[in-house]
Amino acid sequence: MDLKDWFANRKKNNETAQAKQILSTEEYCALWISCFQCRELLYTRDLRQNLQVCPKCHYHFRIGALDRIEHLSDANSFCETEANLISSDPLKFFDTLSYEDRLKEANQKSGLKEAIITGTCTIQGHPACLAAMDFGYFGGSMGSVVGEKITRIIELACDQRLPLIIISSSGGARMQEGILSLMQLAKTSAALKKLHDCAILYISVLTEPTFGGVTASFAMLGDIIIAEPGARIGFAGRRVIEQTIRQKLPADFQTAEYLLKHGQIDMVIERAKLPQTIANLIDLHSLDCNQPKPEAIAKTPLKIH
Amino acid sequence: MTTGKLPPLEFELPLANLNTQIEALERQLPSNPALEQEILELHKQYDNLKRSIYGNLRAIDRLAIARHPQRPYTRDYLDRFDPNWIELHGDRHGVDDPAMVCGLLKLGNYRVLIVGTQKGRNIREKQLCNFGMPQPEGYRKALRCFKHAEKFNLPIITLIDTPGAYPGMAAEEHNQAQAIAYNLFELANLKVPIISVILGEGGSGGALAIGLTNTILMLENSVYSVISPEGCASILWRSPTKVQEACESMKITAQENKDLGIIDDIIEEPLGGAHHNWNLIAKTTQNYIIKYLDKLNIENDIVEHRTRKFRKIGCFKD
Amino acid sequence: MTTGKLPPLEFELPLANLNTQIEALERQLPSNPALEQEILELHKQYDNLKRSIYGNLRAIDRLAIARHPQRPYTRDYLDRFDPNWIELHGDRHGVDDPAMVCGLLKLGNYRVLIVGTQKGRNIREKQLCNFGMPQPEGYRKALRCFKHAEKFNLPIITLIDTPGAYPGMAAEEHNQAQAIAYNLFELANLKVPIISVILGEGGSGGALAIGLTNTILMLENSVYSVISPEGCASILWRSPTKVQEACESMKITAQENKDLGIIDDIIEEPLGGAHHNWNLIAKTTQNYIIKYLDKLNIENDIVEHRTRKFRKIGCFKD
Amino acid sequence: MDLKDWFANRKKNNETAQAKQILSTEEYCALWISCFQCRELLYTRDLRQNLQVCPKCHYHFRIGALDRIEHLSDANSFCETEANLISSDPLKFFDTLSYEDRLKEANQKSGLKEAIITGTCTIQGHPACLAAMDFGYFGGSMGSVVGEKITRIIELACDQRLPLIIISSSGGARMQEGILSLMQLAKTSAALKKLHDCAILYISVLTEPTFGGVTASFAMLGDIIIAEPGARIGFAGRRVIEQTIRQKLPADFQTAEYLLKHGQIDMVIERAKLPQTIANLIDLHSLDCNQPKPEAIAKTPLKIH
């Protein structure tokens, strides 16, 4: 399904949901969800309209790459790039299942081809390159495809002199690609160094959860680093650390707020204010060399592959 | 015999047993000359077994050699490369991480900076060096020294022997992820040739933090992997006993890393492993480094050479 | 009257007393119209006294104004320069020092980075901000943001209001001296125009750490000195009561700093001090900054302009 | 007295001292000194021959700028620069004494014109620029002259592409020059930035004691930072800190060894090994652009002003 169809489909589904009145138990469960944090029972449609943020306790639910893009980019402005890049199985990796089977499973579960979507768009009128990771696909893990797509969108931002926004959500490197996945840390970081030398703005947005190889590369290299409230972000996982140091960690350990307090990120911004904040930041950096060339951006969305 | 006074590794047990048998017979030989033929036979058997065992090491066997408690560490190489090497200390911001060793020295005709992770030999050293797992400040100390080398046009050699970055609370608080990421970012653009040698364990981001280099060499029995085999087993197989499977699946050996195009060359170790002859492996390693420094010296654009190398790594369908 | 609801400073006491007297007579006026002439006389006297007092402030009086608890601080200026200013946090290495505030904003037609030291207003804020004394990590946070501004060609404004660097154990452990020195080193070579404004106290190395700039402005009642007057008195006079002498000897006022060629211009404050009108002093300060940004914009070599300025400072016989 | 006379004089004095046999009490006191650290009674001549290091406990006594130069530079290789730069009294500063009187006092006490001597020399054959501070003159404080002489020797190192060694010993900025002395931090640090951009080696040697404005500028900006054993080095003084934090500091606080442990310096080198270490370091950095031009150094000492 291409992105346009997806956006259209969703609109239809919403309308259908609104039209219905009498519900089966199954339908009831699909319509209601209990907040992970405050346990409040929330109507899924309300939750969606509130950008998947609990209206009561402001818990930010995970959202997928497509929702991210819809939320951040101006309507109809997103043009996907590198949509056909898909994983191969270089190591013929097999644990309890083969990597190939796991890839199929990830695709069926999420409807996505990989753990990231990249493209160009406008954000409140500002042309930009945008990448969004999806934790729903293979735990947002970074293998060759994620690394390559990140690298290519960085290179595009460089070529077109467009600010770059990457929204991260990842469990880390994809073990099934072994050392090749480790090397994606090097590849993406090296690409960002070139972007840096071109003085192009790169805003990194960290969302629940962002760990491992992704934080140890592009996610922590933003000129500006923004995190969503409550998002857990770190290098090593909490459980591994607790096993290692044999003591309980503080409750707020590795939360966005903890990172802010410990000087690791620039700001914690609630989801609703993210587009405006990013637009303001782009504006505040749009001097001389950082001025995007208007012709760099197609005025109408490209055909999505 | 092969392992000297060291206790044998698991896969060396048949050899050790045969050796015990031979020694017992040899003690009886003076009083029973008829044993001579049997002893000769056993020696032949021993040599065959040795060739067969060391010629067919599994990944998990190499992992054991890479982690051998008597394997030479970074400081052992530095002492042998140049006994007058001068150590640089500290990140300048409050911490000197002993798990990251930085030194200036002469290597053949080259003046170089060497930066390497350091495991400790005895208990106290191990604790000081955190078993070869640097703190964020260690990676930052390395970067400070990289910048120093770049300023003075000194080639950089990194020696890698680390289980990985340390999963600790302070390490997270001090932004370990950023420390690694920022090293990658800066290493990508250093204007001097950089060579890394994986001496033992090349563990994950902790190894890569000093491993984004022009030329990557691995000692014959060293390993390089995205996660420790134990970590991989416990996550993917949900079983700590599946380490061997994890070792095989992840392709962690020098040869596999070479086949995957990740590393450039393999440095042969003394039979049975580097711990059998520290001087020899130091000499061999030095020769390899100098050979590759000579090669890099004729590269036109050392930064382009390095970034191109990593730009190409990845396997996908387009 | 002049100080509104604020308690008068020591040198303002005669004014405050006269004011009390006038108010008392004015309350009696309705019942005793004959007082009118006397009241008019006192008002004239008050105006003369006011002109005389504020026209003849001693250095120690200005020090009191510079440290006035209601004096506007860095955040008060930022809020008035651009209510939509965006704050940047942290040194990326584990610490976000609230005593150093960094923000991106629009200043007139300019997009700029502002970095300033922050005293706290209430007890909790004061503690958080360590009474305006940054930790080494604060200076490093400032430097990180300076580099950010340089990358994006944003002019930098630094706002200085600090008693100095913090004489604490952790600050020494984390190499406070290096943090300050390294900021000077890097500030010397930044490729963007930099203007600093001393808002209140310009204390020693802690102030200079963000004060090596192209243009230095001082608010009329701010002070700038190599050591706090109290510190100077206790070292040179060995007496904490000699603060006034220290203030006079060290030449700490805006006018004296201008006469010595250290600063470029003086920003006039509302009569009695900036605390009488925050909006006005913010507006005046903004106008001065913009005026000097316009001037720096036509400089050919902004780095040369900055280093030449400091290269020349010093007084000796050759 | 110029430097040559000084060196000659001292040699004569040493010989005279050796010739004498019977001593008055005064002479006895001049010949013997009790170690500040271990209290051992030391023969001053032995102490001097041991570079003012206690043979028993290795306590490093303070030594003056002239001794430093004699110790570090090859015999007869030192050529002083800027010897005539002397302080003026820009603020007409007066505390309990006038600044002018204090300057005279400092001169009489130390025999020096200022708290620093700069020049060129060779160190084990390596041409270099060398500056040595003297705590005996005005507590090694940095006013306009120290700042200017440091800046000029940095500029000379830059022009002549010579490695630079600065041996610091200072109580901090010179209060009697007010804000002008603070500005010397800026001036010297800016000069070092230019030296840095020329890729010239700068070795900073920290000796007992180095504090305040000197550490907050050139002393902490060495490419390589060396400290002498036991030297106390810091920004704020120990007493000020104890008053501020209202607790006792650890015994080793702000010692060279403490700084090494806390990552602030590269090495602690005992005095006797300093010339060899510096020579080795110069050698290890003498590649391409860092190669000194031999013609930059006069083969015979210049006339000392």
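First chain written, first letter: the chains are A, B, C and D, and each begins at residue 1.
Everything below uses one rule, namely that a residue touches a chain if its C-beta (ideal position, glycine included) is under 8 Å from a C-beta of that chain, and two chains touch if they have at least 3 such contacts.
Since we're looking at a predicted model, the values are computed, not measured.
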| item | value |
| --- | --- |
| Comparison of A-B and B-D (more C-beta pairs in contact) | A-B |
| Greatest separation from chain B - chain, by CA centre | C |
| Mean-CA-position distance for chain C and chain B (Å) | 55 |
| Computed distance of Cα centres, chain D from chain B, in Å | 43 |
| CA centroid of chain C to CA centroid of chain D, Å | 36 |
| Residues of chain A touching at least two other chains | 196, 220, 262-264 |
| Of all residues in chain C, the ones touching two or more other chains | 92-94, 173-175, 178, 182 |
| Overall pattern in which the protein chains touch one another (line/ring/star/complete/other) | other |
| All pairs of touching chains, each written as two labels joined by a dash | A-B, A-C, B-C, B-D, C-D |
| Of all residues in chain C, those that touch chain B in their complex | 92-94, 136, 140, 173-175, 178-179, 182 |
| Parts of chain D lying in touch with chain B, wherever the complex brings them together | 196, 199, 201, 220, 223-224, 260-267, 277, 280-281, 283-290 |
| Touching residues (chain side chain C, partner chain A) in the complex | 84, 86-97, 104-106, 111, 137, 141, 148, 151-154 |
| Interfacial residue positions of chain C with respect to chain D in the complex | 165-169, 171-178, 180-182, 184-186, 188-189, 204-205, 208, 211-212, 224-227, 232, 235-237, 245, 249-252, 257, 260, 262, 306-307, 310-311, 313-318 |
| Residues of chain D that touch chain C when the two form their complex | 84-88, 90-91, 93-96, 144-145, 147-148, 151, 173, 175-187, 189-194, 196-197, 212-213, 215-221, 234-237, 240-241, 244-245, 249, 253-254, 262-264 |
